[in-house]
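What follows is a group of structures, each given as structure tokens.
Two complexes are shown next, each including chain A; its partner changes from chain B in the first to chain C in the second.
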Partner chain A sequence: MKRFLCTGFMVVCLFLALTLTCSAQEKGFDDKEIRIGQWGPQTGPAAPWGAVARGSGLLFDVVNEEGGIHGRTIRYFLRDDQYNPAQTVAVVKDLVERRGVFAFVGGVGGACGLAVMEYLKQNKIIWVGPSAAIREFVFPANPYLFAVYPLYEDESSILTKFVVEKLKAKKIGFFFQNDQYGKDGLSGAKKRLATYNMSLIAEIPVEPGDKDLSSQILRFKESGAEVVIMFVNPTVAAIALKTAATIDYKPQWVSSDTLSDYPLMNTITGGLWEGVITGAFGLPPDTDHPILNKYRDAAKRFSPEERWGTFYLAGILFADPLVEALHRVGPNLSTEATLKALNSITNHQTIGPPVTWTPEIHQGTDSVQIQQCGPGATYITLQDWQSNDLATWKK
Partner chain B sequence: MDMKRDYYEDIEIFSSNTVLAWSMAFMIFLFAFPFLVGNYYIYLANVILVHVILAVGLNILVGYTGQISLGHAGFFAIGAYGTALLMTHLPMPFLLAVIIAGLIAAFFGFIIGLPALRLEGPYLAIATLGFGLTIMHIIGTWDVFGGRMGIHAPALEMGIPELGMSLVLNTDMKIYYLILVIAILMVIGGKNLMKTRIGRAFVAIRDDDIAAEVMGVNLTIFKTLSFAVSAFYAGVAGGLFAFVVKFFDPFTFNLILSIVFLVMVVVGGLGSILGAVMGAALITYLQYDLLKNMGELPYLGDLLVSFSRKWFTVIGMDNIGGFLLGLIMVLIVIFEPLGMFGIWIRIKKYWKTWPF
Partner chain C sequence: MIGQLIIEGLAIGACYGLFGVAVAIIYKTSEVVNFGQGEMGMISTFIAYHILIQYQFPFWLAFIITMIFAILLGMFIEFFLLRPAKDPTVLGLIIITLGAEMMLMSLVGWKWGAEQKDFAFPLSVRDTHEILPGLKLNEWTMGVFILTALIMVLLYLFFRYSNLGVAMRATQQNQNAAKIMGIKVERVFSFTWAMSSVIGAVAAMFFAARSVLDPTYMMEPFMRAFAAAVLGGLTSIPGVVLGGISLGLIENFFGYAWPHWKPIVAFVVIILVLTLKPSGLFAKHYVKKV
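Entry: the complex of A and B
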């Protein structure tokens, strides 16, 4: 019996190994399908951002339901990399070399993306809409990489303009995470304030792991800042708001779009998120907008258990320009033709900002919306899409 | 099974000519491997070999000395950052940089070994866990280390370009051979170490540290030495890892990684070099390949996807992946405390006595 089990176990192992080894495919597409991949943390510490990759899956389901692209359906490969660059490299090499993936979309995580950027370029694999605003992705322009996500510096500049012109704030504080994300935000705010001959009344850094923020928040209170702009992570923001509430400090909080998932933020802050103003890279999930309604109905059919939130929507809007380009290419699909179509996309807009790419500039947009968290974590749009007139990279 | 009749039999690396012949055959297979498979598998093999080095080192600490470490991702990070930064800032050949980085890791291992003199079991686990997290945060906070954004590994330069001797390993295949040679040396080194006075002192400490001390084993020296040796292995593995992935950030070396390392050793078999090798290979293969591609399996894939969608969260197949990895761990601990090494021993015994 034991011998039988042993042999059986070995046969099963061999079978598994062989079926996985023998499915090598070379080209990115054939007459029936176009293969598109994405990595994203589905498990592990960054799993809440995994909704991005699943959102792209919904978009491709909708495209396939409508008959595909010029007779080809999209075959979508979503792989969990657990937010670990070593696994991202493995996943990407696997998808490129064994599954024959034509293009990648989205992809959460700056380090994960940077780990595979060169590899994708060398293998001439198109990559559209990385879900991280990393300057190295787009400057200098990489011929195969097309970014949608607005840069933090641009977003911060637009937010600061809103704070000065619409909120009429005089005393502005800036609370930033001590890394590229926070520093880019800080630099955008400073450049914008310089045009008004103003300066920040307090600029205070925070480490992402900090759990006690009482000294920082006290310094903001003592500075008398009426508005505090935050470029921090969700945990730090939650602690900051709770700390401020305990010392009875009530500035207008303004935050970057990374915290624009209001239901989530409202839950982890215990209801304190109401009234916070944030930037946004997509329309509010509850907007009555024909395209958004189409996706919302599709989500109810394809994955009813999924929460209809900002990050899920982000997955749709990051991948959407690639679908548009594939439609434009027509039946004679090739990487070159798709690149040409991507490079000719001008002011393409669905549920996100208007996206424009040229052969020289692959940062697709510098526009964000400004939204506010209303009662019950609802979305109130304060300002429609606006671009950053101070953005230097466009010139 | 592995009964030894005299001392000289015990210190042999290859217990018989059959073992020697099979080891040679396996060695030839390893050297031919890159010519048999695609680039993806070479990358996977690189990661496996890096993990093999680390697991052998961790096994010296956990399996042979009976100490625990939940901070090995920290030593791994020291190796990766040390090697990459040494080569970037002070142009030096890779081998020198990786050895220095390994020694730095060993020094930290020694430091961590000091509290281990007084701590045991869960207390030691917490102390090492704290070390791992501290390293991750220090690297993330100091700009010298590239901060939280991470750093690119420099070109893998084996020679000294200033002296006209330059040899850059730039493909996965070339890196494979480098890692393979280092891994073989370190595995043999580990196996040999266990046959020396030092190795036997480690085992004595594991079995009973008071008895070991009575016999004349200096606990201070040997416990810290075990940590240092183990950290050296982790440092060298980290140095190689840096060039396998080419880009890494502090978050890569998080607590989960330390736990996965421990899983490799436990699943492979505590107190066995061969077990560590097998555990590292199996867990890495499962984690990086099989469990990620289960959705694509014929027949079974669709079934599992619909099952996980119906009963688990929306993330689909990856539920099953985490579940299986945990299940393997639990089953091994309950039914096969010797790990894969134990299974291996039983298979060997079965065939040796076949057909009886």
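Entry: the complex of A and C
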């Protein structure tokens, strides 16, 4: 009899535990809170980009301070995946199955995102603003995934247009990382130049870990390239500029938005970053803009130790459209209602580019600003938000 | 342009060679490839960076303190990580060095973070001198040439004429015979690790000046330096330097002519060399007779 009662008690406990887990998994929210998660490298080689996830945290702190969304506060879960896709899978499963998150925002790393994209889709978890411009995220449209980050091909096309029309450059070189990021950039530049009946004077690849760039930079010098557009990582960019300085080669360097953290780039290049032109997915951090000022003041209160930089801001602008959609949904929250609200967002703009989603197209923007690093790593805006008229995915 | 390519190839090659020497010294005495060599140099450079930024010491003082740290680090790893291993095989010791590598990288990531930093080195890559029309030589390159030559000469004298150097060579050839002859083999190992750590730290500082400072910045140079050492012959110090210089030149010429092939060409050459001459280009090939 005792054994029977014990077994019965255990079965009931197990049933209750499973029921509670399942209900959390299905809803992702209750009357008091909405659970939102993000993965991001807080340690390991990509930790500098971890500021994105902390920036989203600041946005949610501000939302909660202002009373939450229709009476619910946002409970934010930040998990360190060390930029390792295997870790990303582990932390995402934990957040979905144990914490019952309603949606994800941001998420640094193309490979990390690709590792969990299908899982999130199968579990009907909304994911807004991945921190990587991966075509596979949005083409074909994934009903649960909404991208904010402009595609590298679009950005490169806009930068090349600026180089030809504003800088009047005739000899343009392209320095690209030998991966999808670099190749997408190269493709955008070539398509744009074709419209002017021009071609690149030199297109030179580099491996992400290469520490000696003498031969590549000498080749750019020999080609006579007056502008070099680069789609590379920060370390390669720093070595490229240092190497160019050693051989007295001074082209106009132009780069993708991944190198738009001017204080960092200027520090690691020993001041050589001054004058470099980059794309940008957000307003310059030092802009006097009412929304930016609000977040800057909030950062001083919530995270005084945090550096107010480009990637921290990116965390805000990647997560912001989800907050907007949750406001639009009203008190009767559900995944379907939120998807409907996200699909109806049109030209929503705060501190980033204008974002528009439709049920068919989930790439939210193709616009970037063009900025230049001024003295003391200050930001000079050369061109306001500009979209890519050659972007085929919009048609 | 050819002249400039040669200079740049020689410079980076000498730097690979210098770092390869650090790898070869340990290999010569114990037949262990130290996979933690890059990170030992990396943490030493971070110490120099910390002293320069935090305490604003002049570079020469930071350099001396860093060298002392490097000596202690080498001895620490040998004494606390390798020596306690019971009946170690060479493979077991190599695995221990891999563990040390990860430990040092994590330690640096925890203390200084992963964000890239600029290492203020007195020999700047930006201060150039035109030695011939169109041919530039920067201070960093001159420093690498002079230092590599100096270390080569010092090592030659050390291994040739000093008791400790002779003891190190004897230990490499036959540990048991060396013990019978009264050589304290453990001390030789400690000294070897300290010496290797110092040379590695100097080379790592040169790499940091040309690149950026972060916990992973020595991974790729280590692989190149190791490849250079294998190319030249791991048991020959001059061979390692010549291997480094060859690697630098090959990479630069191919990188200039066929940039797409640059990442693999050096390793293709190494495979070819090892197929034809397994002991490396400049080392003697010993055949054990049964």
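Note that in this section the second predicted complex is superposed on the first by the 369 of 395 C-alpha atoms of A that agree within 3 Å, B and C clash if a C-alpha of one lies under 4 Å from a C-alpha of the other, contacts with A are read in each partner's own complex, and residues count from 1 in each chain.
Here, a residue touches a chain if its C-beta (ideal position, glycine included) is under 8 Å from a C-beta of that chain, and two chains touch if they have at least 3 such contacts.
Source: prediction; values computed, not measured.
Judging by the criteria at the top, classify the pair chain B and chain C on chain A as clash or fit.
Once chain A is superposed (C-alpha atoms), there is a clash between chain B and chain C.
Taking the superposition on A as described, I'd like to know which of chain B and chain C A:G110 touches: first, second, both or neither.
After superposition on chain A, A:G110 lies in contact with chain B alone.
Touching A:A238 in the superposition: chain B (first), chain C (second), both, neither?
second
Applying the document's definition of touch, where does A:T43 land relative to chain B and chain C: first, second, both, or neither?
Both chain B and chain C are touched by A:T43.
A:G209 contacts which: chain B (first), chain C (second), both, neither?
Both partners.
Scan A:E222 for contacts with chain B and chain C and give back first, second, both or neither.
Second partner only, chain C.
For A:T267, is the partner it touches chain B (first), chain C (second), both, or none of the two (neither)?
second
Quick check for you: in the superposed arrangement, does A:D248 touch first (chain B), second (chain C), both or neither?
second
Would you mind checking which of 40-48, 58-66 or 94-102 on chain C runs into chain B after superposing?
Once both complexes are placed on chain A, chain C clashes with chain B in 94-102.
Using the superposition on A, tell me which residues of chain A are in contact with chain B and, in the other complex, with chain C.
43-45, 47, 178, 207, 209
Where on chain C does chain A make contact in their complex?
Interface residues on chain C, with respect to chain A: 1, 4-5, 8-9, 12, 109-110, 113-118, 120, 125-126, 128, 136, 138, 140-141, 207, 210-212, 214-217, 219-221, 224, 248, 251-256, 259-260, 262-263.
Within the complex, which stretch of chain A touches chain C?
Chain A residues touching chain C: 41, 43-48, 178, 204-207, 209-212, 214-216, 218-219, 221-222, 234-235, 238-239, 242-243, 245-248, 264, 267-270, 272.
Hey, which residues of chain A end up touching chain B in the complex?
2-3, 6, 16, 19-20, 23-24, 42-45, 47, 50, 54, 78-80, 82-87, 89-91, 93-94, 96-98, 110-111, 114-115, 118, 178-180, 207-209, 303, 305-306
Would you tell me which residues of chain B are touching chain A in their complex?
Going through chain B, the ones touching chain A are 38-40, 43-44, 47, 137, 140-141, 147-150, 152, 241, 244-249, 251-252, 254, 256-257, 287-290, 292-293, 296-298, 309, 313-316, 318-319, 321-322, 347, 350.
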